[in-house]
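Take a look at the structures below.
There are two complexes below, and they share subunit A, which is joined by subunit B in the first and by subunit C in the second.
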Partner chain A sequence: MREHAALVITTSDLPTWVGHLLSRSQLIAPQALVGSDVAYDVVSSPDDVRWDYQNSLTPLKRFLFPPSDPMLRWTQTNGRPSAVEPVYDDKERVFLAVRPCDVSAVLILDRSFGRDPEDVQYTRRRQRSALIALACTEPGPNCFCVCANAGPFLDQGYDVQLTRLAHGYLVEVGTEKGASLLSGCESLFDPAPAAALDARQRLAREAENQFGEDKAYFAAALRQVTFNRVSDDLWRGMGELCLGCGGCAFVCPTCHCFATADCTDSGGGCRLRLWDSCLYEAYTLEASGHNPRAERGQRVKARFFHKLSYQFAQKLGAHGCVGCGRCVTACLGSNDMPAVTARIRRGAL
Partner chain B sequence: MPHVASVCPFCGCGCGLYLQVAGGRVIGTSPSPDHPVARGRLCVKGWHAHEVATSPGRLTRPLIRRDAALEPTSWSDALDLVAGRLLSLKAEHGAAAVGVLGSARCTNEDNFLLSKLARVGLGTNNVDTTARLEALPGLFDLPQYRHLTRPGAGIAALDEADLIILWRTDPVQDHPAAAARIVRAARRGVPIVEVAWLSGQMGNAAALKLAPRPGSDAWLAGGLLHIALQQAASLSPEWECLAASFSDLTPDRAEAATGVPAGLIAEAGRMLGAAVRPLIVYTRALTLQSEAADVLAGLSALRHNNHGSGEGWPRLLWLSRYSNLQGARDMGVVPYFLPGYQPLADQRARAKFGEAWGAPIPTEGGLSGWEMLGAVRALFVMGDDPLGALPDPAGARRALGALDLLVVVDTVLSPTTEAAHVVLPGASFAEKDGTFTSSEHRLQRLRAAVSPPGEARPEWQIICELSRRLGRPMEYASAADIMAEVASLAPPYTGITYQALDDSPGGLFVPPQATTGEEAGETAARAELSLPAEQAPAPETDDGFPFILALDHGLRSWGSEPIVLGSVCLRRELAPGRAPRTAQLEISAADARQSGFRDGQQVVVRSRVGEMRGALHLSESLRPGLLLLPYSAREAAAAVMPPSLHGETGVPLLLPCAVSIHQVQ
Partner chain C sequence: MGNAFLPDLAQIANIRDETRDTKTFALRFLDPARWEAFQYRPGQFAEVSVFGVGEAPFCLASPRDGADAFEITVRAVGAVTEALHALRTGDVVGVRGPLGNGFPFNEVKGKDLLFVAGGIGLPPLRPLIWQVLVEQASFHSIRVLYGARTPSDLVYRDDLERWRGRDDMQLLVTVDVAGEGWTGNVGVVSTLFSKIRIDAPATIAFVCGPPVMIRFVTRDLLNLGLAEESIITTLERHMRCGVGKCNHCLIGDKYVCTDGPVFTYRQIKSMMEPA
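And now, the complex of A and B:
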């Protein structure tokens, strides 16, 4: 099967393919939780997969970069550390029906963790992962991926991209790894007829037209942040709207700051990597007691400099937001990305 | 299932969250978007709640004190020792010599069994939790005051209110789920009024900031009512009577009593009178003050004024510091109530529980948590920290040290375990089934996501094992079995099952019903409502003692909680750096400048009775004339402000006092 092949699968054959994927590796897909909640989670049966969700509150990064993750373990003899061993997670994983914004975000994480020195903890997991995207035909009310060029349909970056059609799914294969996900099940897939490809283009256009008025004004914000033209008063004002929960960083699919902590017991111990947030006061607290970002406004400024400045976009190949809209839900205060870019554009709260 | 639905273990808001499990460990949490309180959001504590379970300091084996050190032992040895000592001390000194403390952080099921253990296993009504102190020094549970918190507003009222008064609470620190709603209300243009000594983050969004002199909150409340009442077009007879009691409290007189400018009092009063849906939010920073009952009696009287107000408004929203203080009280971890607030004094209630529990309920009244210390010979403590909660830690430490037997069940070491003879490892919220009842009476399920570490066990199982050794076997196969018994004995939990809770993702409301006695108490309290004195009993300042020293219950308060200190990220965020060697005293920057003090300066603080040392911390948002000390540093102030006993409850309170500040020579 060559790259960029376009195929179709019927809705009734889909569970057979999912069952096949399940037999080969750990399969992670959106699942229903309590009430209307949906989250990416490990699937045990094809029936577990929710195909009709809008988005999960938490991104898939926690499978590649877990909130609490052992990095190394050591044993202790006579009170001194002896053997120190790195801890790697080499599980094969397939992510199924993930949203294009999450796929775009993983590409940003790849660049950040893949830069020299390579973060092996991340890249080993990533090398053993495959991404099957599910294009968004009905964007959610908080979504603005269209402003970040990260959706609602992907042109690249996926191993496989699925698009829901009337009686099945269009299956676009983007990589060799993607092609391998179909091997062994070739009989389930047919070449995509021209009508299916036309439908995909139409659905993509229709999806783009569904985005609401609350778009993110990235162009203005990028310029203003890059050239430090946002007034300190505005940052201070936005600092007042930050309640310091760190939730924006934890639901953001591209945020990847972490702290480390050593946990010891009588026989040895392990070093944990723990999610951290730049909005936390003690995040930049120095051993001397000095804190270069002691004020909330300074911390908000630092966060959005990392998200929006050209300096950072140049490093990561994209700015640090994919428009998933999760921070709109999770922000305990009122500093989500669309709100902040709008304030920067108009220069006032 | 790697996403396990649970409830946040920190404050009384009761946010629904998921525990994320991988490889037998809880590795993270995430909020539930569908949950009516969380709505997809958590605060810093909720986002790190899993670290409570994975804390490196978790207790994993039973410990017995031998030669001054706590040493590991087996469960059977530890429980045999505890049961044997309890029985012999009871035989020697009587059941009244034994006391039991329950927990505002353990489940309803744990607390229900603890109440049962005390009353039929040990034969005493000495059962309480010192966390109950924050609920108006125990007044909330006195029949004549219970109406003050009933029916009480829910958190959703913050979305509907058209005026929000934050009465001595900094919701950003104390109850972030409430703060999230207040931020949004302020953005919608809802006016916020802040009553505080030290203005918090919400104060920056406040339309008005009122900083009454310590001890004068009741006069401020009266001053606001005086103005608000003038705006009512007509008054019911009952309200007329109430209005009369505030008729003398003009803004000028209120200013004299509180130090708040008359213009501000008048403006706030007009806002209160004009609002259709005013909401007053208060927490323990108010209820741990001696005048709290007067303030609440005044403000709750507003509820009876429906002129101009919407149905059921104005409302009062009480938020607890603890995830399950409400549940612990509901379960009868109160000396004078059996589960479901059935009075111990009621013979029919005693007979009902005696029959269900297979042994008579003792008739002799029990001691409160603060009375037990110094009065009992043996204390069984489950997830409570009297040394962290009681106003006089030195006295509490002496009392604990003098006990013949101190048994502590907990998940991590706390100041209280330092004095324990036996320490038993309990399960964290992530490791057991059970329920919490939030401050707004929302009953919700916790679900065991992982096994307890090492040999630790759910508290209810420990109680069952102990009770069997005391000759009173308790047989429960699961926490659900315990809830079935709660549902059969304790209204308003009647009919509650785990299945019913599973079917209601946001939980079920279980507000306590008023008893006839309470209604009578309410009427009597309202009739007596008036301001007791011409002048607020403010500490007497003069040229020799120009400042008022007061304790602040909100200031840096999470940083002293054992479950916070056990969490890597929360310890860094909420208790950064090493504990200061000297008490940190907040002083207004204006006062410091005028007196020539600088930030960090070591000083001696003298009152009329004694002196203490501390370091000054300059604050731009503190009321001038005040010196504030965090509650966690109260021990340092013992010589300056000795405890005085609260008249109705006997709770030792640390009241504000006049002081002077001097450079260290």
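And now, the complex of A and C:
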């Protein structure tokens, strides 16, 4: 198989391929939770994979940037630290049937952690992972990836992209790494007929047309945030809606603020990297008691400036939102991305 | 590929009491090769680990000269700084750095240099002052204005004595509240501006201290006619990673740890959040 190939696989052959992927590496795919909820998790059988889901409750980042992650270990000799060693996770991972928005989000994390100096804790995991996207033919009610240019189909960024057709899946190979995921199973794949490629274009168009009108209109908000034209009153008002729970940051596929904490044991200890959120009051608190972002409104502003401003888009290669809609579900104070961009657009709560 | 989060071990070579809550630690890398590579400029900082407690950023407070150790000056105010104060000579800590941009040096040659420090704001300026004094002929004038709350809050008493005795620079010291036996100036540091002649277009001011002091000193310097880009300061934030990844020190889109910590007032004024 080669890069940029377009192939097809039948639905009945799919489990054979998935079984092959399982034998080579850890496989992470959408799985049923309780009720109708679905979330990405490690699967142990091809039967565990859910192919008919709208979106995962949580994004991929916890596998590449875990909520609590050992960074280094020190050894103690005669009561004094005597050596420090990094802790790396070099497991091979394949992410299967993940949504285009989540693939787009990983590309943003790649840019942020990959910038000089490279964050090897992240990049080592990332280099050993492969992304098999499942294009969205039925976007969910909170989805707005189309506004963020992050879905519902991907043009790039995937190793493999699957599209569900009538009797099987179109398999687009995007990278060499993607091609290697098919090796050993060549007989399961056939070259894609012209009808399959036509169907993909039609399905992509239909998917885009399913997004409603009242989604996050980024453009106007981007300009206002970039030029610092949103009034302090409006930020203050949105600050009053914020519970400071950090839920939006934890479900967000692109949020990646972290803090560290040390844990000791008998022979030394380890330093953990922990998820943090810029909406927490203590996030910017200094030991002296001084807090440059003491007001909630300032913290809400900082979060959306990081997501929406052109200044950060330049650093990250894209705006820091992929339109997955998870903040719509998570935020109890309605400070989700579509609501915030709508308020910025009309200049009032 | 190097790991920017991995500290190198260093031993506490010396501890000096500065004030009732502030100490200066001399740190020497266990691996001499690490010291060779640890080339820094004044204004840069390091992340220092007390293993088991955590890590905190400290400015490099001594010049990178012939010594085999560098100094940090630490006020005991939080978990890491209190743990540092509990350590003794010979104890081992972790060091990452040097980090951050550092002060301009060649760019300000030929200028009137005005250092304005408040309290614990002298440590970031100290290595720059010594570096400037080594090449003092390259600068038109060197003046240090230093203010602290009380006489017992003044740090680097040895340095102050040596600077006072030099004729190629001028040192003025003031305290907010005089104690018994204090015969020097009384008042906030900006009251010293009236005691010197400032040639605004030729002056570069390096200002360091608590946020409120920086605000008032900057206002006074602007009123004296200094250009916005001639007022240089270091900003403080809780920089956790020090390498522009964790996002804690962001001011708008500027990382204090990698874009700074040294900024001109002109840069600070254009930031998206109050500095």
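Side notes on the structure shown:
Just so we're on the same page, the second predicted complex is superposed on the first by the 347 of 349 C-alpha atoms of A that agree within 3 Å, B and C clash if a C-alpha of one lies under 4 Å from a C-alpha of the other, contacts with A are read in each partner's own complex, and residues count from 1 in each chain.
Here is the rule we use: a residue touches a chain if its C-beta (ideal position, glycine included) is under 8 Å from a C-beta of that chain, and two chains touch if they have at least 3 such contacts.
Fair warning: this is a prediction, and the values are worked out from it, not measured in the lab.
With subunit A as the common reference, subunit B sits beside subunit C without any clash. After overlaying the two complexes on the shared chain, residue contacts for A:Asp276 are found with subunit B and with subunit C alike.
In the superposed pair of complexes, A:Thr264 makes contact with subunit B and with subunit C alike. Contacts of A:Phe305 after superposition: subunit C is touched, whereas subunit B is not reached. When the shared chain is aligned, subunit B comes close enough to touch A:Ser334, but subunit C does not. Contacts of A:Leu285 after superposition on the shared chain: both subunit B and subunit C are touched. Using C-alpha centres, the superposed arrangement gives subunit A a vertex angle toward subunit B and subunit C of 80 degrees, stated as a multiple of 10. By the document's definition of touching, neither partner reaches A:Pro139: not subunit B, not subunit C. When the shared chain is aligned, subunit B comes close enough to touch A:Leu57, but subunit C does not. Applying the stated contact rule after C-alpha superposition, one finds that A:Ser68 touches subunit B and leaves subunit C untouched. Annotation: superposed on chain A, subunit B and subunit C show a minimal Cα-Cα gap of 7 Å. Touching of subunit A by both subunit B and subunit C, each in its own complex, is seen for residues 259, 261, 264, 276, 285. Note for the complex: subunit A touches subunit B at residues 31, 33-37, 39, 41-42, 57-58, 62, 66-69, 240-241, 243-247, 250-251, 259, 261, 263-264, 272, 274-276, 280-282, 285, 289, 296, 329-334. By the touch rule above, subunit C contacts subunit A in their complex via residues 1-9, 49, 51-56, 77-81, 91-94, 211, 236-238, 240-241, 243-248, 250-253, 272-275.
Every residue of subunit B that touches subunit A in the complex is listed here, in rising order: 2-3, 5, 16, 18, 20, 22, 25, 27-35, 39-44, 46-47, 50-51, 54, 56, 172, 176-177, 179-180, 183-184, 187, 201, 204-205, 505-506, 568-569, 572-573, 576-577. By the touch criterion given at the top, residues 71-72, 74, 76, 80-84, 86, 112-113, 115, 117-121, 123, 228, 256-262, 264, 268-269, 271, 276, 278, 283-288, 290, 292-293, 298, 301-302, 305-306, 309, 311-312, 315 of subunit A touch subunit C in their complex.
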